[in-house]
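Which chain is which? They are A, B, C, D and E, in the order written, and residues in each are numbered from 1.
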């Protein structure tokens, strides 16, 4: 049998994401094996482990999965902190860990080891996609981000990518992670941007609760000619986008955007079984499931980790987001992102991201940081 | 005159506008027992609080054996030889009677910061504590929790703690209040013993006139925070201020 | 001899003695008694938390000081190791320097907090520490260049202490550096625990108890309360930092969620209270029980929920994903049923 | 021997400085506003920040008001307050979503009726919840802070989990009623309309609480009961009843706070109330325990301070509250206008 | 004579595992002052607290005004007209003197005439009307505790050592106040160590030892008989 451990934060604040991720993984395995849940006659067994969103527990769970349960491959987790704690375990046990959907760059960067692969996007991919979507000659952009690694790295990557498009950054605003009142930040941004001429945008990088876009929009940035922009988000969060029709940005996934057989199957099956569309982490989970089956088939079994790694290096496979490819250098999956514009549509109580254009993987110059 | 142990000089405290102790200058000598009397709220306890440091003085000074201690904290004053028992019982309620006294002796012997020795191996503390408990007749209750003692016994323990400290200046604030008639003499005898030690001085706040008559060498009267009289017992008791403001009409004539 | 080691503080209950012995034996022989990585990890975690909880008991149970900043000190020790190991490279010198620096930083910080805020009312002190601890957690995430931010730090410890160091077999178990590492954790925790036990039973410990009871009177019999409290805070902070260092050595990862979060603070509180405040042995019982529950409650619930699958509603409530709710209920029930902690309860039974 | 003095204690005159000292906390808000003006320098920015800071302060006050009763007066450290805030928000938002037609219409009357119903429903549910909470969880631990912390944190976890069970684990996003969307601009300063509503609700609540506590003995009974419950009963009061009543009121106010806060955030999560707890405790502490006036001033100070500091130096915004609390406790160890002495 | 306002029959009370009251029988006649005397620790305070309901009687009956109150909650007994001055005074130290007094009135605001009367007896309370009660002197707290119990008309007063810490002048005004109360028809059960007060005020007396009432009779009889005093309380009270 082939044992796959899904080590992820089933309980805790990200419960909802975790559930999506797990459903996605299962659907991926199902699709790839044609519903048999077997690869070359070997049964696939999925072992679930709850990290409780705590790095130490996540680490212990992964040790248990590799050490006691003898899992061949592990998938997870949701939180970057937990993921980073887990990375050395994979190296120690010499087994493959597919990171999905934790986003920190350093997972495939400074803290990377050869046993780590990631199907999820990383922060840079997000930021660079947005830069490609928003940038352009003569555009001036201010950024608003949370004051911690995710926010700062995101802005740094965004800024770097923006230079190539000819746009410029006028102001970077960082606020504490749990900020709820954005008046001061907005005032600072308005003051800075008020003097600038030409096309002006405010790019918001925000993770977790809170709704800076809505709050700042209510302060009427159009008085200063400023347009708000931000990346895509999970379905529930798109409600906040309803107040911002016409807003542009880049997103990782929205179920109506990708056009390919895998996504068609995913959307149809998901509606059938759960009466709701698939979301970010369903797509991500599925991509990891598909990658596993593909890799095991290619390596001819899951026992030999070295063979698996060889097989996965540079491997390209089909996912709900189209073709993905593990980059040989840092094992990060290269993938398509989507430039969208928000529209109000009848029957939907959220702002719908409508595709403006696909940003192919070769359009984004994602830096390699594990050297 | 014998040696002056404690002295207050124009000692004053104000609470808002209320002058609770008003420029009291007075000195206390070795081998002497001074009774402090005065109506309720005259400032007796507050005067004690100023001397022992619970309340900072607004102005004036307190000198202990010539040293100005006005700015020192409560603990430092205690270590220099000022001991105090409280009017309203104030003990360590969920420790045993014995432990209460041991703590006091440990403090006197400066063993509080012994971090790495076992407390129970200090038998000298236990022995000294037992001796004191015998003197106040609490030796049968050493293992009882203080919170379970009846009021009268708590008052006795209060006195035991003070004796355990063995200070130069003893300050008693109504030590026998709430003590039954057969118990009070035990405490009064103890106080008499302390007084007999010519190195110490005793300050005693009391409302019971017979106690004052039998023990005091000298009486000072506080009234509205000010020193209203100071002299030998007979003379002070007869004075107008005491008769009028303090004694009121004798009970039986009502 | 044994009584001396325990500083004369005997368990004072046959059941308690038995339970403590079982725990001691299990922890001492964990690598050989139990199979697999999970139990060993659990055992190490139990050792570390016993120490951490005991250091908190010194403060809370004996000193009567409610502080929410204990994880902060724990974190300082852990980050000490992490930073030393990242910057000095793997090696025992880094471990020594890291734990020393961590403990020192903890003492200095405790001294500052202590002298400044032990003067305010107890309940305000608690709230100040809560606010300071949450601010420190945020600062750690903001200064990500040094601390690794939310994501934390991964680093290497001396090879001797990792499973890469294979040292042959003993009693049918493969002995590796990991087991060596475990015994480092175990021995250090045991020694420090005995030291704490000595401190609470010293004259100093008695003064702390007196201060907890009635600080006003303690001052009046000549004890400088602020100093005693500050020293207690510093001692407890230093021990917590050392526990943090051990945790960092064991885990080889340090992040805000593992060392600084308010959740851990609450876990510590619960362990102290379940075990029994002001008893030290309570720390042993509380930490062991809680860590076992935290590790195995979910598995247990999983099997319980499967076993009751036929019934209505019950399997839903027993769903492993609802384990947090049961943890909350555990919080409430333990305070209900063990108002004086398990140790207190066991001793009462003997008394009556 | 001196002559008999008169029978009155000596009262010296109280200096002007001492008398002013009592009024100082009330002056802090205007002083801070003026200081802010000079520090910021741009009138329109200053106006925006001041007005929104005051409004934010009002919302914090609404959330802290219940805690002033339960923590300040009754001396119960109730982390469950955070859960009540969340429950209030979920109930209120569910009502608003159910009344989608009313909230979607551009009629002030319909919108406000919907909000009113949401508030009533939220307060009823959290009040009832508070009643159960008091009976089951808090009652055995009056007077024991540590146990209160554990037990109420346990309650907090359970309630948050139950929210997950009832409403699912997702955050719920929603939109405010039509007429409360957007902002009004005045002299170059934009001000969210919703904040005006918060100011109104806050003011009404402040006045109502003050009246109730001034005109009735309830506050006295609770304060006396915390110090010496048996004595209060021995005077003839049914202390349990009063405690339960006050606890219910405190929980219901948390529910109100939850609805107001949820409407502000436009997204609600089970953990939203828990997140506010540190801030809410800070407000209750700097105000002085048990003081509605103190909590009010404290909340306004916090709101203003956050905005000013975030504008002037965002890095410091994080510590501004702690700095404020520290400064106030150094100045007044019992908080600004304590009604109850902290132990 | 009418039936007594209060009577205890074979009342036993346990505190924790200790058996403190071991069958107390006691009667308080209407309109009289009954003294409850005895050495430290014999159970006087426990008796009062049992009547008030702060300790629950394990067995036996407490009849108040013809009604069995043994199982009533504390507050119901108070509202039934029992006023209580506890041994530790039970002052609410965070509240002002005025607020303490206001709490003394369960059924309405403080009556103006009543206030005048109380402030006449205890002028210090008037001086510190708006101050925090915790800051009062020991004797002032004692006065406040007594005045608070009298803030409203009650039928029966249970008073535990009211004169401890009071200056002689105040002792006599307090005694006068108690007499006036009695004059208004109230009954009083008074625990006292100060024998001259007991003698001056008491109509009847009950002496306790070891958790039982061992002697009851008129106060005058006890006051005159030194041998009896010696036997009951270990010491002649005059000697002190």
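Definition applied: a residue touches a chain if its C-beta (ideal position, glycine included) is under 8 Å from a C-beta of that chain, and two chains touch if they have at least 3 such contacts.
Which protein is which chain? UniProt says B, E = ABC transporter ATP-binding protein; C, D = Branched-chain amino acid ABC transporter permease.
All of these numbers come straight from a predicted model, not from anything done at the bench.
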item: Chain whose mean Cα position lies farthest from subunit D; value: B
item: Far-end chain from subunit C, centres as C-alpha averages; value: E
item: More contacts between chains, D-E or A-C; value: A-C
item: Between subunit C and subunit D, centroid-to-centroid distance (C-alpha), Å; value: 34
item: For subunit B paired with subunit E, centre-to-centre distance based on mean C-alpha positions, whole Å; value: 29
item: Approximate Å spacing (C-alpha centroids) for the pair subunit A, subunit D; value: 38
item: Gap in Å, rounded to a whole number, between the CA centres of subunit B and subunit A; value: 75
item: Residue numbers of subunit C (touch at least two other chains); value: 138, 142, 322, 324
item: Residues of subunit D touching at least two other chains; value: 7-9, 315, 318
item: Subunit B, residues touching no fewer than two other chains; value: 41, 245
item: Subunit A contact footprint on subunit C (complex, rising order); value: 36-38, 41-42, 45, 138, 141-142, 144, 148-152, 154, 162-164, 247, 251-253, 255-258, 294-295, 298, 320-324
item: Contacting residues of subunit B [partner subunit E, same complex]; value: 15, 37-46, 87-88, 148-153, 173-174, 177-185, 207, 209-210, 245-252, 254
item: Footprint of subunit C on subunit D - complex, ascending; value: 77, 137, 140-141, 145-147, 149-151, 153-158, 160-162, 165, 278, 281-282, 285, 315, 318-319, 321-322, 325-326, 329, 333-334, 342-343
item: Subunit D-facing residues of subunit A, complex; value: 13, 15-16, 19, 147, 173-176, 178-181, 183-185, 187-188, 191, 209-211, 214-215, 218-220, 223, 236-240, 242-243, 350
item: Interfacial residue positions of subunit D with respect to subunit A in the complex; value: 42, 45, 48-49, 52-53, 56, 164, 168-175, 181-183, 185, 190, 192, 264-267, 269, 271-272, 275, 303, 306-311, 314-315, 317-318
